[in-house]
Structures are given as structure tokens and as C-alpha cells.
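Common to both upcoming complexes is subunit A, partnered first by subunit B, then by subunit C.
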Partner chain A sequence: MIPDLLAALRSRFGNDIVEPETTRDETPTFWTPQGKVLDLLIYLKTGLSQPFSMMYDLTAHDMRAYKKDLNGHSRFDFQLVYHLFSFERNAFLRLKVGLEGEYPSHPTATHIWPSLNWYEREVYDMFGIRFEGHPRLRRILMPSNWEGHPLRKEHPARATEMGPFRLWDEKQDAEQKALQFDPAEWGLQTQSEDSDFLFLNIGPQHPGTHGVLRVILQLDGEEIVDAIPEIGFHHRGAEKMGERQSWHTYIPYTDRIDYLGGVMNNLAYLLAVEKLAGITVPPRAQTIRVMLCELFRIASHLVWYGTFAQDVGQLSPVFYMFTDREKVFSIVEAITGGRMHPNWFRIGGVAQDLPAGWDGLVRQFIEYFPRKLKEYDKMVMRNSIFKARTKGIGIFTLQEAIEWGVTGPGLRACGLEWDMRKKRPYSGYENFDFEVPVASHGDCYDRAVVRVEEMRQSLRIIDQCLKNMPEGPYKSSHPLTTPPIKKHTMQDIETLINHFLNVSWGPVIPPGEAMSCIEATKGWNGYYLLSDGNTSPYRVRVRAPSFAHMQMLPYISRGYTVADLLSILGAMDFVLADVDR
Partner chain B sequence: METAINPWWIIGGVLFAVLNTAAGLIWVERRMLALWQDRYGPNRAGPFGLLIVLADSIKMFFKEDWIPPFADRLVFVFAPAIVVATVLMSFTIIPVAPGVVVADFNIGLLLFLAFSSLGAYSIMLGGWASNNKYALLGAMRGAAQMITYEVFMGLSLMGVVLLSGSFNLTDIVLAQQDGWFIVPQFIGFFIFLVAGLAETHRLPFDIPESESELVAGFHTEYSGMKFGMFFIGEYMGVTLISALVTTLYFGGWLGPDFLPPIFWFLAKTFAFICLFILLRASLPRPRYDQLVEYGWKFLLPLALVNLLVTGAIRLMQ
Partner chain C sequence: MEEAVSQSIILSSVDKLVAWGRKNSIWPFHFGLSCCFVEMATSMTPKYDLARFGAEVIRGTPREADVMIIAGTVFVKMAPVIKRLHEQMMEPRWIISMGSCANSGGMYDIYSVVQGVDKFMPVDVYVTGCPPRPDAFMEGLLLLRDSVGKEKRPLSWTIGEQGVLKPAKISMKEQKRAQRKEMTTLRPPDEI
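Presenting the complex of A and B:
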């Protein structure tokens, strides 16, 4: 498939325009000069018979400190990396552009994919790369008056590198002034021909936003004329932190990206690390990972279920669902010792083997939970007021979903049966028997239908894990497994040395790049890692599903009322830490 | 009839009972919600957490009584008083036992309708005077809700008036000696219950407040005892509607002789209060335009049909 595509592209654009690169994760990767990238993107999206219709991710690397020769391509100062996805081919495509100079600029592609708007802003915010022709190139995650661009290598990573903090009067005045709301600055009109608009600030402190999100509403009466999400309040610099953590010690940070997904984030990160290191995870470890991930999928969906019902004014469900989530957490606690952020997967396996008696706990839950799901169906899903509040609200079509980079339950609610666990199985999902629930209308109600059914399917998967848990080691015997299984260390000098190195410096991962993509609770979650053969990653890119979903908010909420906005936000199922990272 | 009781005792008694019920409902509602939601609820202060009522009242009185500098001061202070005053005035017409009624008006029911319309001003004025966008949206929703339920609330009651031939609530209770009006007037009862829910702004019709959308709606800027007045006003409203449903459709104080009439009245009223709380625990909130549509397109025609049919049957008798 790659040679075909390469030949097609080369015959159209010429040999020197499309240059292939081999990467460790075997994702088809092409280099292209800056001048041709827009043509190439348009052709990939519309010209091919099996097009790459989704812009999955755009990010950049600051290559100025990269000392290795990465297939001869590390010569540029910056690299821009587009990740495209084709549903027809079931394939990713990585497109790279090298940029030269301290603060390079690059043409915008927002007219090709509207979803690139926020991604380009993020690259600008983080690297200082300007996108010419971008409709509104401003900072997106950092405060508007931040100095510097955090993911550039010269930007300090710790407060202690930045000198003491001082807030003199002028600075405070400037900061206060930056907080004043000016509609023109957000590109908003204050009136139409026949009415004045009301601007309503939802958040960052608001009971309906599930975290620190600010939505600026432009209202005509109660009708939403425009809604602009402002994000970044939850930004902790998870990607920057990766650059000074060892490959091993970065794992707990991933737990906190999608903080409802728990160990599922570990999995997304580790799949990429294991690709780089060339580790094969033994079947028992894979199955343990799958079981815990599905438990967390249920826990996350339960939080969504309860809070969604609460958003449309139903008081009680959230209490029942949090009680059930407690039951999931008690299993998680018995197995891992942690609850929301167990930090339990390790490079090459999991931290420990399953404890004695785990099967009893899991079996109990499998017997208990379906009855409760039936009860919730009656209470929430079949409630006519609930239906009135969610049916026909916040509709997007399949076409629009792909255009905006919507993944996960939102995509399946539009009728596309696409689940990464089925289509591109990882961690042994190909061995499990489960269905991919879909719905057809693409409204808030259908997104709920898909998630509720997913809980049943997760339960099926857990049941199969319970019945067919393989025997064998819970960690790989690969030397880069961190920490290695301890029992050999006292007999075998090789393992002793590995153990010593991996727990003191941390593992040294061979240079190269790898990307993972898993079906997380909210959508496709991926880690794109770049190694320069050191004890810590050179660059960590976290592609979080909620970021893309949140970007779509204005598009799907125009014309609805304030009350509908809460249904739309609720059905989106975002986590602010996942949006902002 | 035994009219020997001193009217001041009745006034004092009703006032005492109503205010204490409203305060007591703080505890009742929180415990019941907790019971239905698989949790404990307030259980620390006093036996069964009963002293939460006292603790809450003390807290409310000692909170900073803050009036925002941008608010319309006079109206802002006045608004919470309206809801309490109008609901209290409505209690004057309710007969709790034979002869025990504050004011035995022959236009009792009309008086209630008049006061309930006045009560809506408290939301609109409170929201407007706060000079806050959330409060404003809440107040507008309150106004939209008011013009919806007021119409069919009045019409739904006319069936009872036709059957008993009087606006006087004592007469209405006495007319039910052969059978409660719930049977011939079931539709009227249902419509009045919906209107009553909307009137008290309780879930599912807490649209002017809708805390997940508008933070706290019309009373976003209120604190301390002014907020407390809205709070108590809501509980008194619940009690009032429950008492009215009891009187109009469930035979008021009528019941088997082995217990005094007042007991039957209180028991029935309490049952409806519990129904209100149960509804709050179970239903989501419709959008305000959905409520308006439901009111005008479904309940209003239904109330009219009910009135016509009742009238026709009455004529034939």
C-alpha cells in the first residue's frame, strides 16, 4: 500500500517533492518541501480514490538540540508533522515539513480542514511558528501575555530556572487589563440589524462546565449566536514535563491526562514506548491491561452518565452511578492499590501480578452490574423529558465529524462503525468477542445510546478476561523492561545490571519515533514519541480526543438555546485535563 | 359548626404551623432525597439530624447580608418579601378542619389565584433588580413560565367550582362528602398539580433557577436571609399547593371518624409534600420553551375540554 501511494504521489508531484522515511512504528511517513505542502494536503484529502479524509493531528518538533542523525532528516531547525487518517485504507499517514530559522512561518491549511484551526494555534503557542493566513492566530493554551513559547528547547521547564517571580504595579495592571472582556477582540459583533446581543460568560467557574472551561456566549435572547470556548486553564505542560522525566517516571503523568481514563492513558503511552524499544508484551500482561482498561472505561462512562443526567436537571442518577463507580474502584484498588490514577502499567508489562482472589471480585461485579444498567435505562434513557432535552440537539453528520476530527462515541453516533479496538487491534483486543455499538442520528441522545451500550460490551470483554486469563509472566523479559522481574537479579549478572541501570538512570530507549493510537474512553488517544537515544524522551506529543471535540463546540451549538448548550457539553464527554494537557 | 374558637388562635396557629412546616421541610426534603439517592443526608446535628433546621436557620441569619453595589437597592430588598407575603396570605382561605379557617371568604379560590399571580413578581423583580445576566435570564424564564401556567391553573380549578357551585373552600370540602372530586375531576387534578409544580418552581419546573445552566438563576446575587426568604417561600409554596390539592380534590379534612378531622387534613397534605419531593428526586428539567409549548398546546386545550365536559354533565343533571 505504501509503495502504491508513494508512486501515485510521485507521479503527480515529482520525485523530489515526496520523499519517504522509514520510522520505527512503520507508519507511512513522507517528507515534503514547504512550498508544496498545501497542494499535497488537498490532493490527499480530495484527489485520491481512497482519501485521507481526517486530519488526526498536527504538531511540531524543535530539532535544534537533536544530536542524532535521524535518517538524515534531523538537519532542520523545526519539523511540522501532520498526521492524516484514511478510513477507507484503515491507515495513518505522516507528512513532515522541515522549517528553517529561529521563528519560521508556514502557510495555514485551515481552509482545507477547519479542525486545523486550534492545532495551528497550539503549534504557534508552543513553538512560535507563525501560520500565514490563519484567521485568528493567538495563544490558545498559555495566557495571552505569556513570554516565550514553552515547547522550544530554550524555554525553561521549571520555575527554579526562571528567576524569582515579581509582580510590580505596571505588570499587575497589564494582567488585570488582559482580563477585561472586549467582544471585538474575540471577533464578535455587539449587535445585529434588529437586536443587541447579550454576552454571557459561562465559566471558568460554573456548575455546568465540569471543570475550568470558559465559554463566551453571544446571545440573542436565549438563542446562541456564537459560542467561543476558551481553554488552557487546566494546562500543566504535560508534554514539556515529558522532556525532563525518564521514560519510566513519565508514566504517572499520563494517568492525569484523561483523569477519568486512569490506566488507559498508561497504555497509550506505553504502546508507543514499546514500539520504540521493540518489546513484545507477554499475553498475560496484555490481558491484565485490557481488563483494567475496560474497567476504567466503565468507570469513566458512569461519571459521564450521571453528570449528563444532572446537566439536564435530573438529580438522582449521579448518586447511583457514583456508587457503582466505587464498586469498580474497589476492584481497581484490590488489584493495583490505587483508585483513579493507579499508575500501574510498566514498560513491558504491568507492575505486579494479579492478587489472589481478584477473580471473585470481578465475577461479583459482572453479575451485579447488568441489572443496574437496566435500571438506569428506565430512569434516564427512556425518560421522555430526557429525550426531549437531548434528541435532535447538537447534531453533526458523519461528514462533519470526520472533517472536525471527531473520534470515539461521537463518531459512532453518526453511524460509522469504527472502533480502534476492532479495526487496528492493540494489546490483544483481536482475541476478544464484542460488538461495536453505533447509532445513526448524530445527536446528543445517540451519543448517550452508544456510550451506554459500550458499558455492556466492556463488561463482555471483562468477562472474557476473567474466563481466559492466560498463565505466564506479567512482564516481558526484554532488557528494557522497567523494572525487570526481580527474581532473576540475584542469580544472573545480566539481569542485575539491567535492573540497576533501569531503576537508577532509567531505560535508554533507542532513537527514533513512534506513535500509538488507542480507543480511549473519549475517543482516539495517541502518544507520538521522539527519542534521541537518551534516558528521557526528546519530545512527547499527546494527541487527546477532547481537544478536537471541544473545538467543534461553536459549530454544533449555534442556533440552540443556553439550556441546549448544557446538553451538548454533557454529551460531548470531555475532560478539561484531556483538552489542555 | 363550632365557631367558638377565637380567630386569633386560628391565625396564630396557622402561622405557627405553616412557618414551622416550611422550616421542617429543610430536614424532611434532605433526608428523603438522601433516602432515595442511597446516601445518608444530614444526620449529625441532634437526633436523626433534626437540628439541621436550627443550624441552617442560624447560618442563614448570620451570613453577610450583601447587596451588590450595582443592584437596584429598593427592589432588590423588596422582592424576596413578596413571595413570602403572598404565599402566607393564600393560607388564610384554607380550612384545616370544620370551622378552623382564618378567613371564610366566598371568593376564596379567586383570592388564591390572585396571590399566586402576584408571587411571580418576586422572581421577575428579584432577577431584574440584581442587574446580573444570569439573574436576568432566570427572571425572563420565570415570566415565560408564569404566562404559561397561570392560564391553565385557573381553568383547571373551574371544574371543582362547577361541581360544588362555590368558590368557598369550606363549601367545596363539604360538597365532597359523597365522594372526593379526584374521581370526577381527575384531569383537573392532574393539570392543577402540574400548574402547582410550575407555580412553586420546583424540579422539574425549576427553570428560572436551573442551577446547572444559570448558576442559581434569579437569586444568583442573593445571600443571607434574603436568599432564605426565597428558600422558605418555596417550601411554603409546596405546603400551600399540597394543602390546596387536599382541599379541592381529596376531601380536605374528611375521613373516617376514629381520628380527628385535622389529622386527615395534615396527613393528606404531608403525602402530597412527599410527592413533590419524590418528583424532584426523579425527573429531569425540560427546556423553558418546551414547558411553554406543553402548557399552551396540550394542557390548556385539555383544561378547556375538561371544563366543557364538566359543564355539560352539570347541565344535564
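Presenting the complex of A and C:
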């Protein structure tokens, strides 16, 4: 496919405009000069047959400290990386642009994809790269009075390098003042022809926002004229953290990104690491991974189910659903020893083999849970108030979903049967028999329908894991597996050395770049890793689904009421740590 | 008659009675920062049932709450908001720092995270874990409950000596050391 695509692009733009690069993950990758990038993006989105209609991700790398050869390509100070996706081709495309200078600037592409708005703001916030023509280029994750751009290599990583934190009274007042909302700054009118607008501040501390999210509403009576989500209150610097942790010791940080997804985050990260290292994971380890991921999908969906029902006024379901979540956690705990953040997958496999008696626990749950799901259907999904609060609310079409980068259940609720586990199988999902639930209206109720059905399908997958758990090793025998299987280490010098180095310094992953993309609980979760052949990544990019979904909030809540906003937020199923990372 | 009186009358001093009332109805503020909040919410569901200790009445506004549980990471961007919320709580008020991030920054020694909520607010109880299990959170709440029962506060600003006398903080690590030392056989990880 890469030669065809290259030929098509070159025949249109000329040979020196499109330069291919071979990367370790075999994603079609092209370099293009800065002046041509907008033309190229427009052509890829609209001109090409089988176009790349979704802007999956935009990020940058600070390459000033990168010492390794770049596969024959010249090194720029910064590089911007666009990731596009084509549903017709079932393929990603990576477009790279090199930028020179201390604080370079670049033309905005927000008129091509509206979803680029937040991504460009993020790149500006993190790297100081300016986007000319951007409608509102301001910080998005860091506080507005922050100095420096955290992901630049000269910015300190540790809080302890930056002096102790103090909050004296004047500073407190100044910070509070900086949080004041000024409609003019956002270009919002304060009145219409016949009425004054009310500006309502929700958050960052509010029971309905599921965490530290702030939404400012422009209201005409009860009706939402516009909404402005303000994020960044939960920014934990996960990407910068990757640049100082070893490849192995970064795993626990991934657990805490989508903190309801547990080990599923480990998987997204490790798939990228294993691509870089060239490790093939043995079937037993793959199946154990799949089983735990699906258990976590159920646990995460249960939290969503209960809190969503609570958001729209049903107080009791959440108590039942959290009780069932405890049942999932009793299995997770028996296998991994942890609850929410087991940190249990390893480079090349999992931490240890399944404990004796795991199958009994899983079987019990498989027998128990379908009955409860049926009960919940009656309790929640068929409840007339629940329906009244969610049907016909927060509608977006398939076209809009793709335009805004919506993935996961939100996309499937618009009628597109697209599940990464089916379409681009990873970790052995191709061996499982399950269906991809879809719905057609694209409203809050349909998003719920899809998730509820997904729990049933997850249960099917877990059942197949139980019945067909392969025998064999739970870790690969590849030398970069960390930590290597212990039983060999005391017998031969080669594995002893590997064990010692991988555990003390951490494994050295070969230089290159790789991206993973999995169907996580909230949507497509991907890790895009850049290695310079060291014991820690040169750059970790976490592409989290909730970020894209949250950006769409104003678009899908205009014209609805304040009460509907909570339905829309609830149906979105986001986690603030996944939005802000 | 005498028997009926002894069953229905308790003799106590007013301050002890007030302290007893306080310690058995500590109402938490509905406030959560990150992962820990999910575990805190779990402690209110049937398996753990925080209602046993009179602390399940979650309040949506700081003005009605007694205890603020810093459940999660304290972000630099969020710190002024947390402080403001704490200022809005009425006395008597307490703070539980839940989880490693709130205790000390934990595994997040990173530019956007305050290295412990006690850098700008007083803390009454620290609960360890990342995130702490609901049981651990409940143990913390019970410790706070004990300490609230022992606190000495003036009944009004005209009666008695002013100022709050709090009992000294205890280290559970020290207290449990002997018991933990006796645990020499642990269940191996390869069975459930």
C-alpha cells in the first residue's frame, strides 16, 4: 500500500515534496516541507480516493537532543507529526514536518479539521510552537501564568528541581483572579437582541463533572448557547515522565492514565515497546492479557453505568454496579494482587503465571454476571425517566464523529461497526469470537446501549479465554523481556547478565519509532514512542481518546439545557486523567 | 422507676456530649481529584458501607461538610481551588490526605504536581496507598473519628479557654510493627 500511496502523492505534488521514511511499526510515513503541508492535508482528506478522513493525532518532538541517526533523514530542531486514519483503507498515515529555530511557528490547519484546535493548543502549550492563524492560541493544560513549555528538553521535569511549592495569600488571590472567566477573551457576546446571557461556571469542583473539569456555559435562560470546557486541572505530566523513567518502570504510570482501565493501558504501551524491540509475545501471555483487559473493560463500564444513571437521577443502580465491580476486582486481585492499578503486564509478557484456582473464580463470575446485566436492563435501560433524559440528547452524526476524532462506543453509536479488536487485531484478538455492537441514532441513549452490549461481548471473550487458555510460557524468551524469566538466570551466564542489566539499568530498546492503537474502554488509545537507543524513551506520546471527545462538548451541547449537559457528559464516559494525562 | 431512669439517662459533660456527636457524624465533602476518589466512593457502596460510621452523608457544598478528603493528586493548577474550598468549610473541619500523591506527591515528582497537600493546608490523617484500598481509607476515617472524640474545643467563644486542643498524631507504622513482625508466613502468589 505504501508504494501506491507514495506514487499518488508524488504524481500530484512532485518527488521532492513527499519523502518516505521507513519506521519500525511500518506505518506509512512521509516527510514534507512546511510550505506544502496544508495542501497535502487537504488532498489527503478530500482529494484522494479512499481518503484519510480522521485526524487521529497531532504532536511534536523536541529533537535538539536527539543524537542518533534518523534513518538517513536530516534532523530538525522540532518535528511536528500528524497521524491520520482512513476507514476505507483501514490504515494510519504519518506526516512529518521539520521546524527550525528556538520557538518556530507553523500555519494552523484548524480550518481543515476543527478537531486540530485543541491539539495545536497542546503543542503550543507543551513546546512553544506557535500556530499562525489559530482562532484562539492559548495554553490548554498548564495554568495561564506558567513559565516555559514543559515538553521542551530544557524544561525541568521534577517538581523537586523547581523549588518548594508555596501558596501565600497574595498568590492565592492572584491565582483565583486568573481563574476568573472573561467572556470577551473568548469572543463571546454577553447579550442577544432580546435577552442578556448568563455565564454559569461549573467546576473545577462539581459533583456532575466526574473530576476536576471546568465548563463555562453561556446561557440564554435554560438553553446552552455555548460551552467552553477548561481542562488541565488533572495534568500529571505523564509524557514528560516517560523521558526519565526506564522503559520498564514507566509501566505503572500507564495504569494511571485511564485509571478505570487498569492493565489495558499497560497493553497499549507495551504493544508499542514490543514493536520497537521486536518481541513476539507467547500465546499464553497474550490470552492472559486479553482476559484481564476484558475484565477491566467490564469494571470500567460498570463505573460508567452506575454513575451515568446517577447523573440523570437514579440513585440506586450505582450501589448494585459497584458491588459487581468488587466481584471483578476480587478476580483481578487474586490474579495480580492489585485492584485498580495492578501494573501487571511486562515487556514481553505478564508479571507471573496465573495462580492455581483462577479458573474457578472466572467461571463463577461468568455464571453470575449475565443475570445481573438483565436486571440492570430493567432497572436502567428500560426506565422511562432514563430514556426521557437520554434519548435524542447530544446527537452527533457519523460524519461529525469522524471529523472530531470520536472513537470507541461513541463512534459505534453512530452506526459504524468499527472496533480495533476486529479491524486491526492485536494481542491475539483475531482468535476470539465476538460481535461488535452498534446503534444508529448517535444520542446519549445509544451510547449507553453500545456499552451495555459490550459488557456481554467482553464476557464472551473471557469465557473463551477460560475454555481455551493455551499452555506455555507467560513471558517471551527474547533477551529484552523485562524482567527475564527467573528460572534460567541461576543456570547460565547469558540470562544472568540479561537479568542483571534489565533489572538494574533497564532494557536498552533499539532506536526508532513505533505507535500502537488499541480499543480501550473509552476509545482508541495509542502510545507513540520514540527511542534513541537508551534505557528510557526519548519521547512518549499518549494519544488518549477522552481528549478528543471532550473537545467536542461545545459542539454537541449547543441548544440543549443545563440538565442535558450532564447527560451528555455522563454518556461521553471520560476520565479526567485520560483527558489531561 | 430506678431501673427506668438508669436506662434512659446518661450523665455526661456538655463538651463530651458534643464531641461524641461530632465523632459519630463526620460528613465528608463531595470532593475528588483523581484515582483515589473512585476508591473513596467504593467505600460508600454496600461491600464496605461507610454508613456504619455515620460518614456516608456526602455534601455537595463545603459549607455543610466536616471533613475534606484530598482523594488524589494535588495539581499546581488545582491548588488555589483546593485552598479556596477548604476556606469555605465551617469550623470544626478536618482534612484526610488520601493516597501517596496527596501525602507527598508519591510517584509524581513532576512539574505539575504539588509535593503533598500539607505544603499549604493542615492535615489530620494521612492514608497510605496508591490508591489506598477502601478498607485503608476507612481505617483512616476511624482514626480521625477517635481523634475527633478526644479533641477539646471551647463550647463558645465566651466560655472557657479558647483554642483547639488536638490529640497528638500517632504513627500506625510504629503501632503495628510488633504485629507485622509476627507475620512470617505469607500466602504465596501462585495460589488464590
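Just so it is clear, the second predicted complex is superposed on the first by the 567 of 581 C-alpha atoms of A that agree within 3 Å, B and C clash if a C-alpha of one lies under 4 Å from a C-alpha of the other, contacts with A are read in each partner's own complex, and residues count from 1 in each chain.
Everything that follows uses one rule, which is that a contact is a pair of C-beta atoms (placed from the backbone, for glycine too) under 8 Å apart; a residue touches a chain by one contact, two chains touch by 3 or more.
A quick note: this is a predicted structure, and the numbers were derived from the prediction, not measured.
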| item | value |
| --- | --- |
| Touched partner set for A:184, first subunit B, second subunit C, both or neither | neither |
| Which partner, subunit B or subunit C, touches more subunit A residues | C |
| Subunit B versus subunit C as contact partner of A:311, first or second or both or neither | first |
| Which of subunit B and subunit C A:222 touches, first, second, both or neither | first |
| Partner chain in contact with A:490 - subunit B first, subunit C second, else both or neither | neither |
| Which of subunit B and subunit C A:207 touches, first, second, both or neither | both |
| Subunit B versus subunit C as contact partner of A:323, first or second or both or neither | both |
| Which superposed partner A:566 touches (first subunit B, second subunit C, both, neither) | first |
| Shared subunit A surface residues [contacts with subunit B and with subunit C] | 207, 319, 323 |
| Touching residues (chain side subunit A, partner subunit B) in the complex | 198, 200-201, 206-208, 222, 309-316, 319-320, 323, 379, 383, 385-386, 388-389, 561-566 |
| Of all residues in subunit B, those that touch subunit A in their complex | 33, 36-39, 133-134, 137, 140-141, 203-204, 206, 210-215, 280-290 |
| Residues of subunit C touching subunit A in the complex | 30-35, 37-39, 41-42, 45-47, 60, 73, 75-81, 83-85, 105, 107-115, 119-120, 130-131, 133, 189-192 |
| Residue ranges of subunit A in contact with subunit C within the complex | 141-143, 150, 155-160, 162, 164-167, 171-172, 175-176, 179, 204-205, 207, 211-212, 232-237, 240-241, 252-253, 256, 259-260, 303, 318-319, 322-323, 325-326, 334-335, 337, 339-341, 352-353, 355-358, 360-361, 576-577 |
